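Should a chain be cited, it is by its letter among A, B, C, D and E, assigned in written order, with residues numbered from 1 in that chain.
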Amino acid sequence: MPDVTFLDANELVLNMGPQHPSTHGVLRVILKLDGEKVLGCECVIGYLHRGVEKIAENRTWMQFAPYVDRMDYVAAVSNGLGYCLAVEKLMSVEAPPRAQAVRVILTELNRITSHLLWLGTHALDIGAITPVFYCFREREEALKIFENYCGARLTTHAFRIGGLQYETYDTFEKEVLAFCDMFPAKVDEYEELLTGNRIWLGRTRGVGILTAEDCKDFGVTGPVLRASGVEWDLRKAQPYSGYEKYDFAIPTGRNGDTFDRYIVRIQEMRQSLRIIRQAVEGLPTGPIMGKVPKVMKPPVGECYVSIEAPKGELGYFVVSDNSTQPYRVRVRPPSFVNLQALDRMCRGSLIADVVAIIGTIDIVLGEVDR
Amino acid sequence: MHPITTVHYLFLSAALLLVGTIGVLTRRNIVVILMSIELILNAVNINLIAFSRQLGNVNGQVFAIFVITDAAAEAAVGLGILIALFRNKETVNADEVDILKW
Amino acid sequence: MKKFLRAVFLVDLIEGLWVTFRNQKPSLIYTEQYPAERPKVAERYRGAPRLNINPDNGETLCIACNLCALACPERLIVVTSERNEETRRKELTTFTYDTSRCMFCGLCEDACPVDALELTQDFELATYTREGQIWDRQMLEEGPRPTQYTH
Amino acid sequence: MEALLATYLKPLVMTAVIILLFPLIAGYITLAERKVLADFQVRLGLMRVGPYGFLQPIADAVKLLLKEDIVPSAADRWIFWLAPVLSTVTALTAFSVLPLGPNLQVADVNIGLLVILSLSSVGILGTILGGWASNSHYSLLGSLRSAAQMVSYEVAMGFAIVSGLMVAGTLSMQGIVKAQFDRQIWFAFSNYGLMFIPFVTYSIAAVAETNRAPFDLPEAESELVAGFHTEYSGFRWALYFLAEYANMFVVSSIAVTLFLGGWLRPFANIEALRHPLDFAFPAGLFGLIGVGCAIGMRRRTVAVDKGIMAVLAMAMLGAAAAFLVPMINAAIIGPFWFLFKVSVILYCFIWYRGTFPRFRYDQLMRVGWKYMIPIGMGALIVNGLVLLKAR
Amino acid sequence: MLDTALFYIFAALTLGGGVLTITRRSAVHSAIWLITSLLGVAGLYLLQRAEFLAGVQVILYVGGIMVLFLFVIMLVNLDQAAKEKRFSGQKWIALACVAAVALQALWFVSKGAGRFTLGQPSIAGENLGNSEHVSRVLFSQYLLPFELASILLLVAIIGAVVMAKKRI
């Protein structure tokens, strides 16, 4: 047969989103297709842009804290922690040990809730409709702890610059430990439902492979990086809030495919439980607020502080001109950076895989667009 | 009303055959030509079944099964050729495929 | 071999089926039938604002210091006061609180030196008008009035 | 006159009953599906319309009937109208040969199973034409996908069915059931258990054939919106929906008839089990449901709800009592076992949907062509050899 | 009586479907009318007590071949073809030829009609047509043609795949 060329030229441009059930918010992906095969994709972002960084320049240091919760709204506690640490570093104060331990407990709980939300929606994208309900059931337990501690479930505003606003409540330790006791069995349940399932394996193994080199090139961090085999976790690499005191492992994957990212996150939930248990059992007593003036005026200077948020490296670059308001706050959101790798992961896969891949990066559009 | 006899079936079969022939000879669309061939094959089948009934054995039905098998093979190959043709010439018009190469 | 047998007898799939099957117990049902069943809200919940009054004499606790208005990131609290010539103290005249812009961060509550402004456990703040979202002093003290419809 | 009644009246009445009743039954199958799915997902499911959502299907039906009838302007109106009708008509026609009981069948024709197979292959046309007539890319893609899926899995299903037919030696539905009675074993377990392979093959292919999860590619909402019926709404969409549930019922019925003994009770040849299985079991089952309804009635607060639950409880207890009367029992025990087995299989359909992730399209086709069809063929050959040896 | 009525109904379906098949402009409409025609033929088989064949006709023709046709029609975009002329330039010559054939056929059939007047189905034919009977003949007397047909199908499958596949 002659070499057929001109039907190969049926490049199709498909517009996925911004209103699409599996783009996790208002992400728009322009896919270039050859039949069902993806030749490349381009993300169009900004549908949820609220100018958070600009808002910071018109708020006092204290007042800006609630806004960072609204960036990655499924991991609000981590966002708050990063901001507080950055301003604390600028003012050269440190939260007292008890505050640090409570911060660790809450951020790790938040990591679990974030991963649970990711797991549920990711499974839903791939067509398993039940895990999402199980995940939300357990997430609810953690959110109840947040609500009891600081009065809000999602946008918690749990921490203040210099320490904590709220002392823990009476049953705090008991409830957290109860969660730690209940949760491992539930993780086993998710794994039973998904990990060994041949359909799940078929949909995730070898899909959206990202090598360690690619990760470094794109600046990808968090579970996506660790799934490619790079053992990089800021909690170990540059410990903050007393993470050096806790014993935990960094789960890594080998192939950097969707399945490895899934396994890494599942393992991270288990590791988080270990940290929480150690923190609760060694919870020190003492003050919860460091020496912070009522009207904050950090000295002139700038600093960059990054923490390991559930989605990757969350960095805050804050600049002070010795006034009550920040001169500039720049956020390095993990979702935004990780989203860059979407094109590399999608190339050569099928449309149905794109859905799985978007799910596996674990993006929150509030954080991507800010 | 006359009872239905084999002759009725034969007339029907002949009519269907003619309809199919007209389709094959006059239509320009290859898909419709292939469909007309199916009509012709069915006309044959009606005859086979009618005689099978009249003669009181099932040999005619067995033949009809072979004809249907044949029709399936013919349709598969014909449509395969059609797809290849369309890919190369972007037409399904019989008049435009009059040179034996592409 | 074990792996092969597991694959042939679809063990992985049956395990998954067993998980969903054993979750069918009615006691495991997690649904909350919201309007029929009221959810239990935490003590520290940050919901609708309230301006506390002294239960003994019905006077407001607010000393019109304006700290809450200054603490609010959204600047949605407006406090006006009048200096009482007799007692030489500031007295509250109006207090408006725009719940439509509020993000319930609790900074105003933290700032109040006399615990007059408080975020309560009431979470049902829906109204039919935008104006209805702006709470005045009376509403803050007595709670929201019944819904008014506009045409 | 008597003969005329027997040949024409009974089938006509049964046909009318099926056509009138099945939409309602399909509605309640959806209710059951949503409730069972809710159970798997630790939710309550429907609770608002009627007691425990009992009237929801009726509310849904009314809503669908009253919806505006939208035909896309670029659609081929005629085929757009024809496609859902074709799907529904073929799906409902297949009921005519289902042996619901020893005497409860519209027509016991000697090519019974062939009729169902041919109707299901005509039903595929409804899917293809519906997607094409909508004149939308999503619909066309969805319809081509689902048609390809149905055609390929029909082959696997055919092999499994032929294995069953080989053991039965007849195409007549009643004949198949009778053969299982004579051989004293359900075909799923005959041939030293080898027939279980075609049974499993058939079950999997049946799920794919009806486009249900995990093979619900045509309706993969995270990728394709709603597949071939994206442009359909209101009553036309309801027809597709009806066809889907009718197809589920039909394929389950084939499984029951061909592999699970049809309307025969378990261990139909052991006389000692007749009383426990034919009298005690159905009476106990309906009695339990009736008591459950009565307890539910006491929990309800609204008077109307209480009334509905009371009627349900009475009906269930009445049914339980009816099974204890030998005369009535003889007439309804066959249909009872048939429907009981069918509902077990339908439950499995919902169970799969609640548990498994969805296949990708190429994986689905690979499973169909590289696993299901060879396994079906292999099972056919092996079972044929076993039968040959037995003779 | 009923049989007679049914014969005319099915015959009308068959012929009417056939005529509409070759005259419709849109290929999909043609296909639908062809399906109607094929279903009419299946009905005629039923009237002739060839139930198995009727089932095969529906499964294979309607469910297999026609689905294939529809697939191809949808794969090759026929919008262009629908706008073009339906009939080729040779249509008048073709019709003339067909008319000649028609006359010939009519002459033959009417000439031989007398021999079929007694063409009532024999009593022996009554219990024919069931699948057991067909299979018995098919697998004994016609076993070789049957196997040859299977080889033909295999060849057709391979041929179709080779033709239609872009790259193998």
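The rule is short, and it goes like this: a residue touches a chain if its C-beta (ideal position, glycine included) is under 8 Å from a C-beta of that chain, and two chains touch if they have at least 3 such contacts.
Because the structure is a prediction, the values reported are computed rather than measured.
Trainee: Taking each chain's centre as the mean of its C-alpha atoms, which one ends up farthest from the centre of subunit E?
Mentor: Ranked by distance of C-alpha centres from subunit E, the top chain is C.
Trainee: Return the chain pair with more inter-chain C-beta contacts, choosing between A-C and C-D.
Mentor: Per the contact counts, A-C leads.
Trainee: Which chain's C-alpha centroid is most distant from that of subunit B?
Mentor: Relative to subunit B, the chain with the farthest C-alpha centre is C.
Trainee: Among all chains, which one's averaged Cα position is nearest the averaged Cα position of every protein chain shown?
Mentor: Nearest to the common C-alpha centre lies chain D.
Trainee: How big is the gap, in whole Å, between where the Cα atoms of subunit B centre and where those of subunit D centre?
Mentor: Computed value for the inter-centroid distance: 36 Å.
Trainee: On a C-alpha centroid basis, what's the spacing between subunit C and subunit D, in Å?
Mentor: 49
Trainee: How many angstrom lie between the CA centroids of subunit A and subunit D, rounded to a whole number?
Mentor: From the centre of subunit A to the centre of subunit D is 45 Å.
Trainee: Can you work out the whole-Å distance between the CA centroids of subunit B and subunit E?
Mentor: 6
Trainee: Counting only residues that touch at least 2 other chains, which ones in subunit D make the list?
Mentor: If we look for residues of subunit D contacting two or more partner chains, we find 40-43, 354-356.
Trainee: What are the residue numbers in subunit C that touch two or more other chains?
Mentor: 13, 16, 19-20, 23, 30
Trainee: Which residue numbers or ranges of subunit E touch two or more of the other chains?
Mentor: 52, 56, 64, 166, in rising order.
Trainee: Can you name the residues of subunit A that touch subunit D in the complex?
Mentor: 21-22, 36, 123-130, 133-134, 137, 193-194, 197, 199-200, 202-203, 350-353, 355
Trainee: Touching residues of subunit C toward subunit D in the complex: what are they?
Mentor: Contacts found on subunit C: 13, 16-17, 19-21, 23-24, 26, 28-31, 33.
Trainee: Which of the residues in subunit D come into contact with subunit E in the complex?
Mentor: So the residues of subunit D touching subunit E come out as 76, 78-79, 82, 109-111, 114-115, 117-122, 124-125, 128-129, 132, 140, 144, 147-148, 151, 154, 170-171.
Trainee: What does subunit A use to touch subunit C in their complex?
Mentor: On the subunit A side, the touching residues are 59, 62-67, 70, 130, 133-134, 137, 140, 144, 147-152, 155, 157, 165-166, 169, 189, 192-194, 196-199.
Trainee: How about subunit D: which of its residues touch subunit C in the complex?
Mentor: It is residues 39-44, 47, 351-352, 354-356 of subunit D that touch subunit C.
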